[in-house]
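Here come two complexes built around subunit A, the first alongside subunit B, the second alongside subunit C.
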Partner chain A sequence: MPTSRKLYGTRLRVLSILTAVVLTGGFALAAFYAPIEADQGFSQKIFYLHVPLAIVSLCGFIFGGICAIQYLRTNDPRHDLRAYTAIHQSLIFCAAALVTGSIWAKAAWGQWWVWDEPTLVSFLIVFLLYATYQPLRFSIEDPEKQSRYAAVFAIVAGAFVPLNFLAVRLANPLIHPRVLNSSGGSLPGDMKVAFYTCVVGMALLFVTLWKYEMTAKHNRAQLRSLKRKLGGPDAAAIRGRSAAPRVSAS
Partner chain B sequence: MSAPSPPSTSAAARAVLAKELRLERRAPQTLVAMALFSAMTYVVFHFALRRDTVEGDLASGVLWVTLTLAALLGIGRLFVADRDEGGLEGFLLAPVDRTALLFAKAGALLTFLVALELVAVPLFAVLLLGPTPGPGTWLRLLAVLLLADVGVAVVGTLVAAIAVQTRARDLITSILALPLLLPVVIAAARASAPLLALHGDHALTGRWPAVLGLYDLVFGLLAYALFDFLVED
Partner chain C sequence: MSDKLPTNGGYVAAAYLVFLAVLLVYFAIMATRASRLERELSEVNRLVDEAVEGTTADPAAPDAEPVSTGGEA
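This part shows the complex of A and B:
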């Protein structure tokens, strides 16, 4: 009988170790190798945490939207689970990006929140929008309908993200430092190495956490089905209403 | 004897739209509530801001907060009657394209919004607005209002179709619609601020109508592509 560990847990250990190494390496490079920024001093180092968090969370939302499109095309519940987990993780990363951004704003401009900072404001709006994903799922009882409606939401929200960034950016003068611009970035070489290592490390962290959550969900479903096989239909507790997609143990 | 051919999408959409408007005409409910709500909101703003007149950014903000919140009322009611009285099932049984329902509902919401603004905007001018806009300024404001209404109608229909299937319908409508409508509020408020200013040339900056148009286009296409998934049962 195939176990969930075989299906989902493969290479998880390797991935975890790789994530730990790359992320630690990235932060070590940022702390010791990358030069101290002349204008902002040491506080600029939070940039190696804040920007990768922001980039990875946006990519996670887009990935969630792509999985949602796949779900609507194929009706395969696995895609729904992928979308759910991706959006759920991205929301956490997005919250962390907001908190680190706020700390950076305090260090750089002396205030915890600056409204004329379009990227941070856009992030807040995106966060508020995606924060409704869980309540929306939770308030639809029928699991199939829940998945379908959540997928439509994920696609609409995915399209909303770039439009929102455009509208907020046009509404404000630019003061946010542009890390990656069309002319190939404004970072000196030493900083670039540390920065890209941090981005890769953060992306690996996202993938690792995503895989862990998927594995945990599959394991739980498998455990429930085994319990049911051992002790009859009453053995496993009946599941209440949930925001998470149902996983069938196969 | 051959079976009669099913009605076209546009015929079905027109029939449903006529039904919506007839319902509202015979038993006015949504529109009256929206208009009363906007009038009351102006009074609330008068006391909360302690201002007799507003102009420029503040006027634009008051107007768009009022219109957006009033639109939320309409969005919340859009599918409720169909859900309670079995209208959705009836529509699904009919041999017509489901997109017709999107066109009809978005059309109904758009009509409600335009009707609301016919009352709420002149009322705003009488109650709160400091400067007296000229005919040219009114025309420019009308263009901004119409562009924003299309976006609100499309996104509102999508949100209403999602929210009507949930248990916490009212809560979901508000928390879902407000962030989604933010780009419309940003663009419309920025576009109308110079039009409502006390001094200045009352010109319309080209980029804001462009953002509104882009928003209408993107969400119009998305709604067209996704609406079918929201009405199958």
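This part shows the complex of A and C:
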């Protein structure tokens, strides 16, 4: 039975193909079109992966905060699910940005981590802050309270992200390079094309994975609801404590 | 073209491989969930078939209710 065709719609498949094309194209441009940077040499190619990952993860956290505001305004659990999925995914992107950044630091500076660099430490703080989101949810049993407290957390932490970004911009960078600045960036034209293609590709990857997660969660909720109506084997099963939001089948 | 890998080429390869590994793990988890969902879907199909058979076999049964297939995804 070709259920995967039904589970995920045509639009999502088109988006997946577009994401694969743009992201692969971006990496190909970074590898073959963008020139090798004079100061950092070949290791600068990591930036076409590391910086988009960092940018998209921070934007994802802010998006999670916006969804949380929507949840508090409307009390619609779909917004809570959106916030939860966005933050969950941003955390993965954030971890990948930290690892790739660390690899670049080793190549460029000879050290995996530099504790007195504000850009690195502030990014780690954001990561650790959001790492507490899931345990916070899990610690609250009442689904209503869980969603409300998680929304408040997502809003406060989401507001912290741009503030943190601004504070880092205002601070004097010690050694971490600035890829983007107020005058449109410090990259030459060829590098800019590759870099922005990678950013767009990474953003598309985030949206695609987010949509897959959302669709999967909705489908699962609908199936469970149908099973309950039909009196299936787990109709009477009590759902245990979970960090994931309760999704309505409607 | 030189056969030699550029300086720090290993680090660049490692960074992109980490990204690829994260993506593959993510896809594997999603594929597992999708297959579980498909199993549940076939179970629901079986339950629907059983319910339909039950209603046609005993139309006067008091518990016989029409089966709703719910909303759309």
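Assume the second predicted complex is superposed on the first by the 222 of 250 C-alpha atoms of A that agree within 3 Å, B and C clash if a C-alpha of one lies under 4 Å from a C-alpha of the other, contacts with A are read in each partner's own complex, and residues count from 1 in each chain.
Here is the rule we use: contacts are C-beta pairs under 8 Å (C-beta built on N, C-alpha and C of every residue); 3 or more make two chains touch, one makes a residue touch a chain.
Everything quoted here is computed from the prediction, not taken from an experiment.
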item	value
Touched partner set for A:Tyr149, first subunit B, second subunit C, both or neither	first
Of subunit C and subunit B, partner touching more subunit A residues	C
Subunit B versus subunit C as contact partner of A:Ile46, first or second or both or neither	second
Contacts of A:Asn164 with subunit B and subunit C, given as first, second, both or neither	first
Subunit B versus subunit C as contact partner of A:Leu128, first or second or both or neither	first
Which of subunit B and subunit C A:Lys211 touches, first, second, both or neither	neither
Touched partner set for A:Phe27, first subunit B, second subunit C, both or neither	second
First, second, both or neither for A:His79, with subunit B first and subunit C second	neither
Touching partner for A:His88 - first (subunit B), second (subunit C), both, neither	neither
Subunit A residues touching subunit C - in the complex, by the definition given at the top	1, 3-4, 7, 9, 27, 36, 41-43, 45-46, 49-50, 53, 92, 95-96, 99-100, 103-104, 106-107, 209, 212-213, 215-216, 218-220, 222-227, 229-233, 249-250
Residues of subunit A that touch subunit B when the two form their complex	72, 125, 128-129, 132, 135-136, 139-141, 145, 148-149, 151-153, 155-157, 159-160, 163-164, 166-168, 170-171
Of all residues in subunit C, those that touch subunit A in their complex	6-9, 11-12, 14-16, 18-19, 22, 26, 30, 33-34, 37-38, 40-44, 47-48, 51, 67-71, 73
Touching residues (chain side subunit B, partner subunit A) in the complex	158, 162, 165-168, 171-172, 175-176, 179-180, 182-183, 186-187, 190, 207-208, 211, 214-215, 218-219, 222, 226, 229-230, 232
